[in-house]
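Next up: the structures, one after another.
Each of the next two complexes has chain A plus one other chain: chain B in the first, chain C in the second.
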Partner chain A sequence: MDRKLRIGVVVGTTLAVLAPLLLVVWQSLLTGPFFARGVTLSGRAFLFVFSDGDFWSALANSSLVAAGMTLIATPVGAMLAFLLTRTDLPGRRWIEPLILAPMFISSLVLAFGFVVAFGPVGVVSLWARDLFGVVPWNLYSMPSLILIAGLTHVPHVYLYASSALRNLGSDVEEAARSTGAGPLRVALTISLPMIRPSLLYASVLVFFLGFELFGLPLVLADPQGRLVLATYLYKLTNILGVPSYQLMAVVVLVIVAIALPLVFLQRKLLAAADRYVSVKGKATNPKPISIGAWRWPAVAFICAWLLFTVICPVLALVLRAFVSSWGEGVNPLAMLTLDNFRQVAAYPSLVRGVVNTLLIASVGGAAAVCLYALISLAAHRWRSGWATLLDYVVLLPRAMPGIIAGLAVFWVFLFFPPLQPFRATLLSLWAAYTLVWMAYGMRLVSASLLQIGPELEEAGRVTGGGPARVSFDITLPLVKAGLVGAWLLIFVTFLREYSTGVYLLSPGTEVIGSLLVSQWATGAVDIVVALSTINIAMVLGGLFLIALFQRKARNG
Partner chain B sequence: MAELVAQDIHVRYGKNDVLKGVSARFGDGEIVALLGRSGSGKSTLLRAIAGLETPVSGRITVADRVLFDSEAKVNLPPEARELGLVFQSYALWPHKTVAANVAYPLKLRKRPAAEIDQAVSEVLAGVGLEAYAARYPSELSGGQQQRVALARALVYSPPLILLDEPLSNLDAKLREEARLFIREVIKTRKLTAVFVTHDQVEAMAIADRIMLLDQGRIVQQGAPEALYSQPESLFVADFMGVNNRVEGKIVARGEGLVQIAVGDQRLWGVDKTDGRSDAGTGLVRVEQVGVGEGQGDNHIQAALETSLYLGGRWEHVFRAPGGARVRAETQRPLAPAAYALHVPREHLWVF
Partner chain C sequence: MLRFFSSLCLTLSLGLAACAPAATSVDHAAHKGDDLVRAARAEGTLSIYANTDASEVAAVLDAFKVRYPGIAIDYADQNSTELYSRFIAETAAHQGTADLVWSSAMDLQIKLINDGYAQSYVSAEKGAIPDWAVWKDQGYGVTAEPIVIAYNKRLLSPDRAPHSHAELRRMLEADPQAFEAKIGTYDPERSGVGFLYYSQDRLASAESMDLYRAIGAASPKLYTSTGALMERVASGEHLIAYNMIGSYALERQHKDPSLGVIFPSDYTLVMSRIAFVAADARHPNAAKLFLDFLLSRQGQELLAKRSLQPVRTDLNGGGVQRPAVDAARPIEVGPALLANLDEMRRLRLLMDWRDAIHGR
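After this line comes the complex of A and B, so read on.
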């Protein structure tokens, strides 16, 4: 790429990222929606929000949930990572993909699963009541929300901890074993402390995700009237009859203001973690530690976690989707039916939602990866202030949770006249999805770009190829596999996305995620479980493709 | 006619001066080695010539073509410099076959397909790889990959070829073969070649001329024999061979000679000091130390400590009474005893 094109890409990206944010700031300073007549500049929206007791309790709840789930997810994730990457735990190979499952299933769908399994009349709850006489838990409470949020975010910690552990030479552990430390002691005093930078990064990530939480609190905390920041924002839309855009803008700014420092902290920590690992050099074929009789309690612990966070909710949800009703004394097997799916098929908007979800994930996902690749290539091996600017710009969308980015993109399409005709099309939805997952997608793409040795491109230049020609003939073919891999991951990510589409939901832009939110609000449980099951099936299909692709890549 | 001239090249990474004003002339058809330790700036100079680094100031020309001139604001991109570069890692494109790797530079030059095919098979035959055209680089051995890299750099007949540590990824046996082969290929094509290495033996074997760099400057240049036998500084003397090195005090000066005292031994040597300091460093190549039993001028009595068999010759370590260690070589093994070591005065350099 030549300099002009590079600068063009940087400027374009910066505008696309900053426009929604600036529009939110502008909106927060107005007395009414930006399109209404007679609105003036004022700080009244801030005064209103900051004097609202609900806002403060939502902020307090969000902080509590974020802190609580971090305290649960970090130790559990770290321990799982140690057990699965460093020990001779039985069944490691089939446990590992299951551990990552909560990352791939939409947390809204998981929340429905928890309701169906552990809610007051859930399958597991009814079974427990038969056993103990009462249901010994209350799903709709803050402790349950924190526990579930914590346990469903274990995979995030696991992912970073396990990759750091894999980079650690096994010699440091063998040294500890030979001086007389038991496996648990090795984990607690050697391995885990050595990957502390990665653990720190993962816990900041989980804490940050805690503030973004939308699906779980919407389903689990709403029924008892508890709000978190994201659900408070969502309720603002419904509470006042007129669109109170200025208030929503203020809440958006609060969330961004909390998230932005955390995003920058994560960036710093990640750099530190990478440095820490690279000092160690390459570990060759680490030998697993034998943990002897500890194996069985360890496996039991992992299975219990899997059963509670993945298997029970998903199975209960799927079962519920295939029965007509459910309750005490009802034998579900006698009630098997496809009526719920027929009901979905009967509504054109729901059918459109299913089709749109597939479209946005496949075609939209591919377009997003192309865009991410273009942006990454623009900054690729470019020592320049522009590249540094781009580095920071692509971090900004991370500070916007899906529901916020969806709202901001909705406003952008409302605000700029040339974009208005596209507001109710999939284009607006695609823009929002692409923006929300920009940091993630760019990381996927640039990871494969960085794997190409610089001399391969330099060789192309020296033999006579211009920059654009070298990008096209050498860089792109070499990252082709990486780009396909990135597309598959983005495909699954777009399939399960739900919060980004909430404000963009209109006839023509339905996707399963946003339909689930709106159908849940109307209490259409049958449709919700059927759509959730379809969504799970799609995600499983995507994961199957990923597995096939990885096997193919491994076999050359 | 491809004479390469670099004038006063300065390269800076951030606050680090990597090249501090290097001027060098590379004659037409000459093979020049840029020799130095890691961090000496030798690779940076090569990359600056190739256009992969941008100097802060200086001027680089090939024949009458200006590749870089900081004053005239000329900076040709790498693809416009028309030179061949062989990378240390070979940098073969893993997604292209051997033939496609070699054909790529010609494709970029929009040559007709038939001509490309012919040129590729000619140059591959030249490096002995015509049978491997359809293979992928990962299916070749290290030595074969290196030949492909060479073929790719030669196929478009650039007048100048640059080689960055071309032998460092080969094992010892292959290296000896490859250095002969590379010299032959370059000489038959009458190319001007610049190659970077940190190995003085390799530099002496391949190059017509050596430029020794240290800390971003050229410290000495000349024919391999000249650098080896007439070093101008302690650094050059020490870098170019395997040496005995002693620190001592200068006690007497004669015509072009100085006497250096190490412990209670006194030795005459060639005066290479600046004449200002009393302290001196004596340096003699290991192969110049004679092992005998005689007595006399410039002889040291020392006890044999250890012997190593190096294949065809022995290297011995002696301990002199003052505690200094002296290494010497013989063709035969020696019995443990005291020996008289002769350090010829014309081979002892005192800096």
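After this line comes the complex of A and C, so read on.
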């Protein structure tokens, strides 16, 4: 790409990200909705939030959860990545897609699954009570929340760590093995340190996601009166009777303020990314390390994790979808019914919801990946202030909780005349999704880009190729597999996204995620569980595709 | 598939329409009514924002379409806060918004009417609606839903269950340990309806704060979502849901008979889903026609079939349970609700509530 095009892409991205964000900044300084008559500039919103004890306790809880889940997710995710990509672990090809599962089930649904499985009268809890006399755990405690948040975010770390590990030449590992190092030592002293940038990036992202956590604390901590920042937003929509956007905007700015130093830290850590280039212009064929007797404990560890974070809650949820009643004193097997699904079938907007969800995930997901690739290419190997700017910009949307990002995008489409005709179309929804998942998708794409040795591109340039020619003939074909992989991941991510679309929901643009949120609030749990089961089936289909794709990529 | 569903819906709705009494009061709204129908047909479409599940009102929508063919309905169900946010933003942007707004967040609806977001319309059905349910010929309460005590019959036998607010209080005071973490209710700080029912409790009874203190002593769990609250009572995690919306509890009871529903005998709050025609409606006639239909015998009977108690008093309840007439305390559709949105008053009431719940 030439300089002009690069700057154009950076400026365009910046505008798209900053428009909703600046709206939020502006909103925080007003006394009422920015579009209302008679609002004035004022710092009252800041004063109100900063003098509210609940805000500080929510901030403290969020920090605790974010730190705790990072400490759990990073080592577990890194170890899983090492085991599955670098060793001869039995059954690893089938385990892999399952590992990603918690990431693709909306956390609201997963949390509800945890209640049905491990809640005070959950299926597993009652069974444990019969066994031990008491339920040996309390699902609604703070440690439980941190543990569940940590374990369900393992896939985020796994994803970044495994894609980096896969691209690592195995020569160094083999050297270490031949001098007598055990597999654990190889992992801890060679493989994982080599992918340090990816691991750091992932842990910063997880830490950050901790501040944005919504579904899990809403279901698991909320009834106890334990707030985190995102559920504190809920309180702010109601405390003054009418939704107080200015107060919500202040909280969003606090989260952005937490995000910025994190991005700065990340850049510092990544400064010498060149050290980590590992796909060079020579063929490598990584060989798996044999872990011998460690195989079975490793498999048992992975299965236990899967059982707790995926299988139990999902099975509990599916069970709930097929019964009319459950809990203490109920034999669920006597309550089997298909009524919940019949109810969904009679639900008028369901068919549209399913079709739209598939459409936004497949076509919309592909368009999003193309956009992410374009933006990544613009900043690729470009030492310039513009590239630095871009790094900060792409993480900003993630700093807004999905529901607020959706509201801000709704405002932009509503009040910015050129966009007005598209407001009630899937395009507005696509814009919101693409924006919210930008940091995640960009990283998927740029991770592949960074692994391409610069000498390949230099070779193209030396032989007379212009910047565009190099991008399209050398860089892109080399990352093609990475792009398809990114598309599949974005596909499942868009399938399960729920809070972002809430304000953009209108007749014709229903998606399953947003329908779930509105049904959850109004009380139709039967419909929620049936819709979730359908959604999970779709996600499983997507994961199956990922497994097939990876198998094909490996064989060819 | 799509065709199958729509023909199924059509068959169902035709069947329902045929069951309903043939002569509804819409019929005798003479010429004026015919003009309205013509004008509504000319508009051809109607946008409704509501927080009642589309599945709950599917029969009403279908019956309306059968009765007035040629008027397409866009029915968007969302929660009351989103509904409010969208409606005011869209109105401010003049980009077209709902023609009819229908929500159970009574205080927000009254605020919108008070702020000039509604237009006046004397419904053809006004005569059949109690006075408390109409304000300024703009806001119409469409339902009369009791606020109830729901409980788990498997774990709390019906003869032990409390039948009034006073009984509930006595029961909790006698043995708070037995109800430790076993009571769920809405959180007035985070849920609009929670605040509404709490503030109405205070108006209805001088002893309400004693009840809240008794609830507080049992470490209650506080919810923002009706679904979550009901699920936890049905599963037995909680024994009692206090101030549950009766229509949801009764509808759930159809499927799960182990859920008990009590209309408190000392007083039963009655809330209403308020509808108004938007001042900026692009299809005002279709909206008026639909409002009439919601309030008509046929519309009300179809709502009653889904446990949404009718506001009309000239129906026999439509087969759905209702509280005793002398115990019913309807929340008046009117300006008194505006006091709920006064910042100082609201924060003070919430502080009282906190003190009571945390035993201070």
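Everything below uses one rule, namely that the second predicted complex is superposed on the first by the 344 of 556 C-alpha atoms of A that agree within 3 Å, B and C clash if a C-alpha of one lies under 4 Å from a C-alpha of the other, contacts with A are read in each partner's own complex, and residues count from 1 in each chain.
By our rule, contacts are C-beta pairs under 8 Å (C-beta built on N, C-alpha and C of every residue); 3 or more make two chains touch, one makes a residue touch a chain.
Being a predicted model, the structure only gives us computed values, none of them experimental.
S.K.: Looking at the overlay, what does A:526 touch: chain B (first), chain C (second), both, or neither?
M.R.: After superposing on A, A:526 lies in contact with chain C but is clear of chain B.
S.K.: Just checking: does A:222 make contact with chain B only, chain C only, both, or neither of them? Give me first, second, both or neither.
M.R.: Touch partner of A:222: chain C, not chain B.
S.K.: Tell me which partner A:474 touches in the superposition: chain B (first), chain C (second), both or neither.
M.R.: So A:474 only meets chain B here.
S.K.: Looking at the overlay, what does A:437 touch: chain B (first), chain C (second), both, or neither?
M.R.: After superposition on chain A, A:437 lies in contact with neither partner.
S.K.: Report for A:458: first if it touches chain B alone, second if chain C alone, otherwise both or neither.
M.R.: After superposing on A, A:458 lies in contact with chain B but is clear of chain C.
S.K.: For A:410, is the partner it touches chain B (first), chain C (second), both, or none of the two (neither)?
M.R.: So A:410 only meets chain C here.
S.K.: Residues of chain A touched: more by chain B or chain C?
M.R.: Larger number of chain A residues touched: C.
S.K.: Figure out whether A:505 sits in contact with chain B (first) or chain C (second), or with both, or with neither.
M.R.: Only chain C is touched by A:505; chain B is not.
S.K.: Touch test for A:466: chain B only (first), chain C only (second), both, or neither?
M.R.: In the superposition, A:466 contacts chain B only.
S.K.: Hey, what residues of chain A end up touching chain B and chain C alike?
M.R.: none
S.K.: Using the touch definition from the top, list the residues of chain C that touch chain A in their complex.
M.R.: That would be residues 1-2, 5, 8-9, 47, 51-55, 58, 61, 74-79, 81-82, 84-86, 88-90, 92-93, 95, 107-108, 111, 154-155, 184, 187, 189-192, 195, 221-228, 230-232, 234-237, 245, 248, 255-256, 258, 340-341, 343, 346-347, 350 of chain C.
S.K.: Can you tell me which positions in chain A touch chain C when the two form their complex?
M.R.: 33, 35-36, 115-116, 119-121, 218-219, 222-225, 234-235, 237-243, 245, 324-330, 339, 343, 345-349, 351, 407, 410-411, 414-415, 420, 423, 502-503, 505-508, 517-528
S.K.: Touching chain A in the complex: which residues of chain B?
M.R.: Chain B residues touching chain A: 50-52, 77-79, 81-85, 87-89, 91-95, 104-105, 108-109, 152-153, 156.
S.K.: So in the complex, the part of chain A that touches chain B is made up of which residues?
M.R.: So the residues of chain A touching chain B come out as 453, 455-456, 458-467, 469, 473-474, 477-478.
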